[in-house]
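Lettered A, B, C, D and E in written order, each chain numbered from 1.
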Amino acid sequence: MAIDIDIERRLGDRVIAARFTAGPGLTALFGPSGVGKTSILNMVAGLLRPDRGHIRVGTRTLFGDGVDLPPEARRIGYVFQDGRLFPHRRVRANLLYGHDLADPAARWMGLDEAVDFLGIGHLLGRWPASLSGGEAQRVAIGRALLSGPECLLMDEPLSSLDAARRGEIMAVIERIRDELKLPILYVSHDRAEVDRLATGVVALE
Amino acid sequence: MMLSAEEWSIVALSLKVGGAAVLVTLPVAFALAWVLARKRFPGRVLLDGLVHLPLVLPPVVTGWLLLIAFGPLGPAGRWLESWFGVSLMFRWTGAALAAAIMALPLMVRAMRLSIEGIDRRLEGAARTLGAGRWHAFRTVSLPLALPGVLAALVLGFARSIGEFGATITFVSNIPGETRTLPLAIYSALQVPGAEAMVTRLALLSVALSLGALVLSEWLVRRTHAGRPPHGD
Amino acid sequence: ADRGPVVLAAASLQESLTEAAGAWAAKGHPKPVLSFAASSALARQVIAGAPADLFLSADEEWMDAVAKAGLLRRGTRTTLLGNRLVLIAPAASAVRLTPARGFPLARALGSGRLALADPDAVPAGKYAKAALMHLGVWRGVAARVAPAENVRAAMALVERGAAPLGIVYATDAKASRAVRVVGTFPAASHPPIRYPVAVLKASRHKDAAGFRAFLLSKQARAIFARHGFSTP
Amino acid sequence: MMLSAEEWSIVALSLKVGGAAVLVTLPVAFALAWVLARKRFPGRVLLDGLVHLPLVLPPVVTGWLLLIAFGPLGPAGRWLESWFGVSLMFRWTGAALAAAIMALPLMVRAMRLSIEGIDRRLEGAARTLGAGRWHAFRTVSLPLALPGVLAALVLGFARSIGEFGATITFVSNIPGETRTLPLAIYSALQVPGAEAMVTRLALLSVALSLGALVLSEWLVRRTHAGRPPHGD
Amino acid sequence: MAIDIDIERRLGDRVIAARFTAGPGLTALFGPSGVGKTSILNMVAGLLRPDRGHIRVGTRTLFGDGVDLPPEARRIGYVFQDGRLFPHRRVRANLLYGHDLADPAARWMGLDEAVDFLGIGHLLGRWPASLSGGEAQRVAIGRALLSGPECLLMDEPLSSLDAARRGEIMAVIERIRDELKLPILYVSHDRAEVDRLATGVVALE
């Protein structure tokens, strides 16, 4: 399944434009701070409306040609640059939010598995406000994976994790990439991460 | 303080009127608060002004307008009569309507403040997780606006418990039907030397609203159980 | 300009007293400062030590309360005006009824209510209740009265068709085009309706006594009479 | 709509009374809101209840209590008189006090909601940058609570413009001094057939508060100029 | 100037404890996610009160022996893990917040210099809410440096920056470390960063 993107959007006095096709596997979006990586992910997720262009995932058109699917119909899992956990739900309820909404047939990961490789079992009863930076980040990753998406958007998902944890999570991402063949758009500034995970790189500037 | 049967019935009526007013107004007030907080449309300031009207006009005038609209000769009154066979005149439902109208601006403002404070990015996050507009509203926006909703309930109930001018003008002062605490207090105030009675009834009002306050504080604590307001 | 004496007057005297004060001012006196409110509120202000010059009450009871507090200037209390009670109906109503012993008031009401000023509190309501008791019809309608905040509010209920009949002062009925006087209550059916006036002990204004005297003069009486009051 | 000189003076008085009430109450209400939002101490619910009192009690009762406390014979009244030679009786300052007391609960609630919504970590950040408690309060907490402060101003002003019962009971209905718009409306309502006058005055009230609303919206826009509410 | 720390603090059911002396120069705090790095910085900054222990910077006692200096008296510059910019002030006003409060004699960097090496000149008139992740991070760094602190706390300050920008900022940190001899506590999961900058490492677990 491939992602086909050709979009343009004005933000303030800047124009964010991108045009690329990402094959199946993990495509790294690379580029300096402020170039528009997050904005592109937001447009793919349906949170920011392009001024023109199209977004296609596999055979589905998410945007363009008169189509503009609402975010909930796009089946996209998004790990935000800022965790964006629901402050009024405990960790467990955050994790299960998308999981419970997904068609059971569409789910490809269970709570136990996610909790396990993310190492967040001891946090399930906690409120997000009491989590450390890295803990919140891991919960956010779990929440996105558990919603059974058909495509993943990850915005610097490993930035505040230590090397050991980072390795374990990368192993899972590799598995998702290879076994489930989910297309993944991945933003990172870390060379090593990109070298290990990316099957393709899009350089923006 | 032992209450007489009459005092009990006045308290019960006040609770019924105040409770009905607040509960019926809640969804309407929330919808208005939402529209005023989120939507930009021509006439928005006018709608805002309309919502504030019952606060600005002397209550007696509001009662008088209600009488004109909902009286047997008024358009709303005729409509209710012919379609539902219902009349609000001299009924506790009319008292509840008066209280609801008077409470409306306070309830709208409180909820609007909370709605404006919601971090909308969280609604976006909910949508990407598969929540439709309505589900995201129910599970994210509404709970995040809860402090405003609770404040609205307290303010609205207190205002209802204290409402006098619009009620007596609209549905008069009928024992057991529209004679709520403030109307009973008013009657007592008109009689020289009845200060003791006034004090008693006023203390009852105070007790009722203190009860509502304590209940709301308890609700806040229950719903947010242990959740620290912000990090750290 | 010089300030005239401060006059606290029952709200029902608004029009007539304003006119009388105008006539007094036309003679070259400083214009009196007129404050209209419910007699109960005014009496309480006097008792609380308010610096006023004259008090015009709508009934003897509140004047008595002020007298008991020792706040009247000796020898200045006198009855200024009298009034009558009338039965009213909406202008379009065809009802015929004469207030007399055992008159069929309950039947005339049908399923409607009888609008009154609060019979337990407001003077006009108290007189109405006394009259109906005297005529032997109170029991038949006691459960069907609509006690309003004051005479004007009671009249509004009739004007708006919310009540088919009401009892108000003749002076009020006379001024409204939306109601029709159905009949006048026999003067003997209730205690005499009297508006007492007195100079207050706290009065420092040189015109206080002069204005009081003017209110009792022929010229002022003519004005009050034109508004429907009787002048003893 | 051309206004007569008398109407102008009533409008001017209402603005003066409402403006003074709101401005004087603002710091007090903010302090109360702050304490209720941030501090935990025994008696907190009681203080909260006390703040809500003017909302719960019929305005006439509040006016009566003010009369007892601030009248020339009341403890507060005597104290003001002997220390400052000031009396509130029959003065516009008394009307402002009544309006202030009635507006207090609304203002406190609105600001409390905003204060509770402040991200306290930002206050911590300010402190590490060298800001003392007070400077951090002025430059961070206060601006972040601004939506609540503006809502409080609008609610408080509207409530003041509409305040009737407490005012007339406390400081009577003195033209040019305590006769604000609602009292003028009340007076007009006492005169049968003066509906046109009532409508005119009511429209004036509405215009005043619409003006306040527009002003507050403009202030919101100015102070937040272009700042998006939350990221994205 | 050295930092001498011996503190303990209970958080929920965890106890964060640390005891170390950091010499002058840059001391890296290293340790897995959730071990307590941010909590330690918060205690040094005066935002979290230790249950017991002491904190000394040079000859000054910030906490302990009956002393508990308020944050504003500690003269510490703190770059938070989450930018924590003031949302109601534009970028320029954010940058100048601490600068204007500082004793002019204590300042060791000016607005122009900071704006220059952080590359944020085009952002001065913007509201924080419109900044990208990396842009906000750079403003936060500038804000802390401009307050003229005697000691720096940096919690993963470079995590969302691209390699080029990262290099420039590291050069400035090196200069601060060497020329101004400011003690710096530095949290990072990035080996390369730590290898280049750290004069000492404290491993927590």
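Heads up, the rule we're going with is that a residue touches a chain if its C-beta (ideal position, glycine included) is under 8 Å from a C-beta of that chain, and two chains touch if they have at least 3 such contacts.
Please read these numbers as outputs of a predicted model, since none were measured by experiment.
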Joint neighbours of chain C and chain B, given as chain labels: D
Please indicate which chain is farthest from chain D, where distance is taken between mean Cα coordinates of the chains. A
Counting only C-alpha atoms to place each centre, which chain is farthest from chain E? C
Centroid spacing, where centroids are CA-atom means, of chain A and chain E in whole angstrom: 29
I'd like to verify one number: the distance from the centre of chain C to the centre of chain D, where each centre is the average of its C-alpha atoms, in whole angstrom. 35
Which integer distance in Å separates the CA centroid of chain B from that of chain E? 50
In chain D, residues with contacts to at least two other chains: 60, 64, 121, 124, 186, 189, 229-232
Multi-partner residues in chain C (2 or more other chains touched) are none
Which positions in chain E touch two or more other chains at once? 47, 130
Mind listing the chain D positions that touch chain B in their complex? 45, 48-49, 52-53, 55-61, 64, 105-106, 109-110, 112-114, 116-117, 119-121, 124, 147-148, 151, 154-155, 158-159, 161-162, 164-165, 181-182, 185-186, 189, 198, 202, 205-206, 208-210, 213-214, 217, 229-232
Given the complex, residues on chain A that touch chain E span 11-12, 31-34, 37-38, 81-82, 126, 130, 132-135, 137-138, 155-156, 159-166, 189-191
Of chain B, residues touching chain C in the complex: 60, 64, 67-68, 71-74, 89-90, 165, 168-169, 172-174, 186-193
Which residues of chain C touch chain B in the complex? 38, 40, 43, 61-62, 64-65, 113, 115, 118, 120-122, 145-149, 153, 156-157, 160-162
Chain D - residues contacting chain E, complex: 121-122, 124-133, 135-136, 139-140, 143-144, 146, 224, 226-231
